[in-house]
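Before we start, here is the structure in question, set down as structure tokens.
First chain written, first letter: the chains are A, B and C, and each begins at residue 1.
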Amino acid sequence: MAHEHSNHPAHLHHHFVSSEQQFDAAKMGMWLFLVTEILLFSGLFVAYTVYRVWHPEVFAQSAELLSWRMGGLNTIVLLASSFTVALGIHFAQKDNKKALVINLVLTFLLALTFLVVKYFEYSSKFEHGIFPGANFAPHGISHGVDYAAYNVPFAAQFFSIYFVMTGIHGFHVLVGMGLFTWITIRAIRGDFSSEYYTPVEICGLYWHLVDIIWIFLFPLLYLI
Amino acid sequence: MGDSGSIWLPDAMSTFAGEVDALFWFVFWTSTVLFVAVIGVKIYFMIRYRRTDDTYVPEPVHESKRLEAAWIVLPTILTLIVFTWGFQVFLRISSAPPDSYDITVRAQQWSWEFEYAEGVTSFSELYVPVGRPIKLMMSSEDVLHSFFIPAFRVKMDIIPNRYTSVWFEVTEPGEYQIYCTEYCGTEHSGMLAQVIAVSEVDFAAWLVSQNQDLPPVELGERLFEQCAICHSTNGERLVGPSLDARFGTMRALADGSTVLFDEDYIRESIVNPAAKVAEGFQPIMPAGYSSMSAKELDGLVAYLKSLE
Amino acid sequence: MEMTEADTGSVNYLNHDRSIKSWLLTLDHKRIGIMYLIAVSLAFLAGGILAMLVRVELMAPGETIMSADAYNQTFTLHAVLMIFAFIIPAVPAVMGNFVLPLQLGAKDVAFPKLNLASFYIYLIGVAVAMSALIVGRVDGGWTFYTPYSTSIGNGILFVSAGVFIMGFSSILTGLNFIVTVHKMRAPGLTWNRLPLFVWSIYSTAIVQVLATPVIGITVLLLFLEKTLQIGIFDPALGGDPVLFQHFFWFYSHPAVYIMILPAFGIISDLMGTFSRHQVSGYKFVALSSVAIAFLGFLVWGHHMFVSGQSAVSSIVFSLITYLIGIPTGVKVINWVSTMYKGSVQFKTPMLYAIAFLFTFSIGGFTGILLGVLAIDIHLHDTYFVVAHFHYVMMGGNVIAALGGLHYWWPKMTGKMYNEVLGKIAAGLVFVGFNITFFPQFIMGAKGMPRRYYDYLPEFQGYHLLSTYGSWILGAGLFLIAFYLLASLFKGKKAGLNPWGSLTLEWTHTTTPPHPHNFIETPIVTRGAYDFHLAKHLFEKEGSEMSEVVTSPK
């Protein structure tokens, strides 16, 4: 096509006039995407609120079965990862490739830690028959807690909502790990510089959202 | 508006139906006048300003603020009138008078059961006295249904695990159609019933006649009204197999085997309909009928036995 | 330099690369728009055939051509196809894709790769939803009310997964358009100069982005309700079926605006262009679309006046419903008064705009009837609602979309269709549509419930009339398909600006457009309907009007 702009940098797509326009567009697109994510979760928060208002005692009681220690640990892990990803963007702006890669890898590892903790949490629930929905049948005793005593009407709804919310959130963490793998490879390849670091910035935005959603999930499910 | 009334709406047969209709006609005629005005102006503009000179470029029209304001204010006033009016009638429809006569309505795929305060039940026919407020307490045994009587202008969804209610006061004796208006499966459109509105005296007499212990065959015949939506007794093929003169014969099943049509088979087919499915039919009979009492089952067996 | 006839025949987006691969992997918004056009047309054809089957079955009470189960699945599939696979993507994804960047003076949408991805996500979504046909029965309409929807076979899993996936496509398209409108406008193209089609697609995109995630989570919960029995909606497990209705309508009412707002844009463009006149109340029409997009989120409960929700909620929802009704009504008046002191030309696209004003007004007024609490109790879930819905969706969206298709067809294909056949078909569609759906208002008011396979004999006359109407309507639609396809082979070559429009896709590029839309970025100096500032374009009778300044290199 007879349509060459010799002065275009490599990362600039032909249909944009300037890098600035491209960066602004990408950032706005990402913000809009985050809005849709919030709305997706808002449906679950509504379901949570409705059932909590209808059955406050059941929800308060059921929450006792969730380990606030593990939840708290995961909160710290995610907050730390938000910090490392912010550092990553900072170093991208400073053209510090090594520090950028280190921080991206750290973020990835923290995300992995989160999922490992989640795995142990889930399996300790499954062990005692706490499954989402119709299979909900708590039984057994551990740490002096008699699980069977928690088998009351609408406890199943609490755990359904717990599993769906944390499950979808966990899926987002998994997607985040994929994204960080991708931009780490690109960072090692030297794609990013202070001139162009849009993907890092955008993945960072995504990751902050994943973090923020957890900040809401943790107290709602584990603490109150 | 008398004549057009019969074109658009069924005859108004409950105490508040006339109020709903008055509101309907107010909105209808206001809308019609506005619609005709808009379309009239449209057609006038189409003719008056049709293009005759291909090179002519009209100047923009100075928009009149006053006219624009009128377009907004006039419809706003109209809709506020309509809203307030509709709201008042709605409140009247929503709140049953305290001295209402209560009837329990149970809906299930695809039949209606009406239980009266005196312990009498009826199927497919809802007997009510004229001139007395009736309140229906409704619940569903399975999925969502909706209770609709066009002549009374009432409708309400019926939900499992929860009671909803409607009330009405019939103004004239007669038979009025009941529909289910929330989709509920294969025979949704067959889930019909009739209101039989009679005088207070006739209603009391009907209740007494229903309260006597019926012989099993007659009890079965009455119970069978709820089965008749899917099963004929004259050989006609409906959603389910016809049940005429079957007793004591061998019947083919969907799995290729055969079964003797006897008391046990009838009983099993009611209590656990999916166990033996007749050849050529789908296993779609709801399991809700398993809650029938032993006496009712006996009645149905006796009735089917009696069909020759 | 004036564009010459020879130039218009030179390189364009259709002929610069003809390989199949260059189509399937294209990032060009115009080609993606054309691929969407083919896909949604097929969905419309399939949904239309199902509609005809429904109408034939209803010609007489009892079984006419199919069993109750077959009928229940037929109308369900008709609804799912028409709503999720046709109407929601139709105008935004076809005409939005093709026209929006051109009207903005942009080379493409902001994210071309995402745009192509949206298309394939849409196809996957349709495929997944349709595979329900193989798995088992799906009936009960497009609303999937629990607990019925979870009590039937596993087909519902595929439909809900398909709707979820199509939702993604819709979100990504909306997101793409919002960013495009914000960031990609040509120099001089201020918000006040935007064509109203852009405004309407922009409003639509807002709804797509804000509402679709909610249906996403709703169908996801429905999916989990069916697979894991999570007990959120199923009363047998302690769930609440009315909660599902709230979730569902929180999306599906705004979705109605996804379906109708783009139509408003097309009608505005058509009324302005064919009246050669400023669209009356431009700012009102533009901003009220955005306002409707937001207000649309606050009225979902008006679908639930008889669902058992509290009386207070019903009253509030009824009131807000009117707040939306008023600006919509004022728009109709604006469109009519656009013709006032204009120069009105009745080409085929304009006939659809004229028809729209008629059918959409009926849809609007009957909507007012349905919004009145006491009246809705009687009319809810009857054929009155079916008729109202079709008057808004088909009489609104589809008629406008047909107008838009006839308006942009020369730009898309470079060919003119047969104008006489076009006018005949527009007449058939208009007459057929009204005969099909108007009797449904009457039988609904008389009490005929919707989703009924069988009905009482007293309604047969209306049903018969409705079925005959559907044949006229069908004939009109087939005629359109025939002459449009014929125009590809035998059609007269389209000029640069056959309608005398003032928006950039007609004035600043070739027909069909150049692969990169514009040779040079256009500089906009007037509003989309400032015909009086462009008199020089219309000086010579019958001349091709264009301001294309440079020829391709």
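Quick note on the criterion: a contact is a pair of C-beta atoms (placed from the backbone, for glycine too) under 8 Å apart; a residue touches a chain by one contact, two chains touch by 3 or more.
Note that the structure is predicted; figures quoted are calculated from it, not measured.
Trainee: Common contacts of chain A and chain C?
Mentor: Shared contacts of chain A and chain C: no chain.
Trainee: Most remote chain relative to chain B, going by C-alpha centroids?
Mentor: A
Trainee: Identify the chain whose mean C-alpha position lies nearest to the mean of all protein C-alpha atoms shown.
Mentor: C
Trainee: For chain A versus chain C, what separation do you get between their C-alpha means, in angstrom?
Mentor: Between these chains, centre-to-centre, one finds 35 Å.
Trainee: Distance between chain B and chain C based on Cα centroids, please, to the nearest Å.
Mentor: Result: the chain centres lie 33 Å from each other.
Trainee: Roughly how far is chain A from chain B, centre to centre by C-alpha average, rounded to an integer in Å?
Mentor: Whole-Å distance between the two chain centres: 49.
Trainee: Would you pull the chain B residues touching chain C in the complex into a rising list?
Mentor: 7-10, 19-20, 23-24, 27-28, 31-32, 34-35, 38-39, 41-42, 45-46, 49-61, 63, 68, 71-72, 75-76, 79-80, 82-83, 85-87, 89-91, 93-94, 142-144, 146, 148, 150-151, 153-157, 159-162, 164, 177, 179-190, 239, 282, 284
Trainee: Can you list the chain A residues touching chain C in their complex?
Mentor: It comes out as residues 1-3, 13-15, 17, 21, 24-26, 28-29, 32-33, 35-37, 39-44, 46-47, 50-51, 131-135, 153-154, 156-157, 160-161, 163-164, 168.
Trainee: Quick one: which bits of chain C touch chain B in the complex? Just the residue numbers, please.
Mentor: 68-69, 72, 139-141, 145, 147-148, 151-152, 235-236, 241-242, 275-278, 280-281, 284, 306-308, 311, 314-315, 318-319, 322, 325-326, 329-330, 332-333, 336-337, 339-346, 354, 357-358, 361-362, 365-366, 368-369, 372-375, 377-378, 380-382, 442, 445-447, 449-456, 530-532, 534-535, 538-542
Trainee: Name, in rising order, each residue of chain C that touches chain A in their complex.
Mentor: 16, 106-112, 114, 171, 175-176, 178-179, 182-184, 209-214, 216-218, 220-221, 224-225, 228-232, 237-240, 243, 247, 515-516, 521, 552-553
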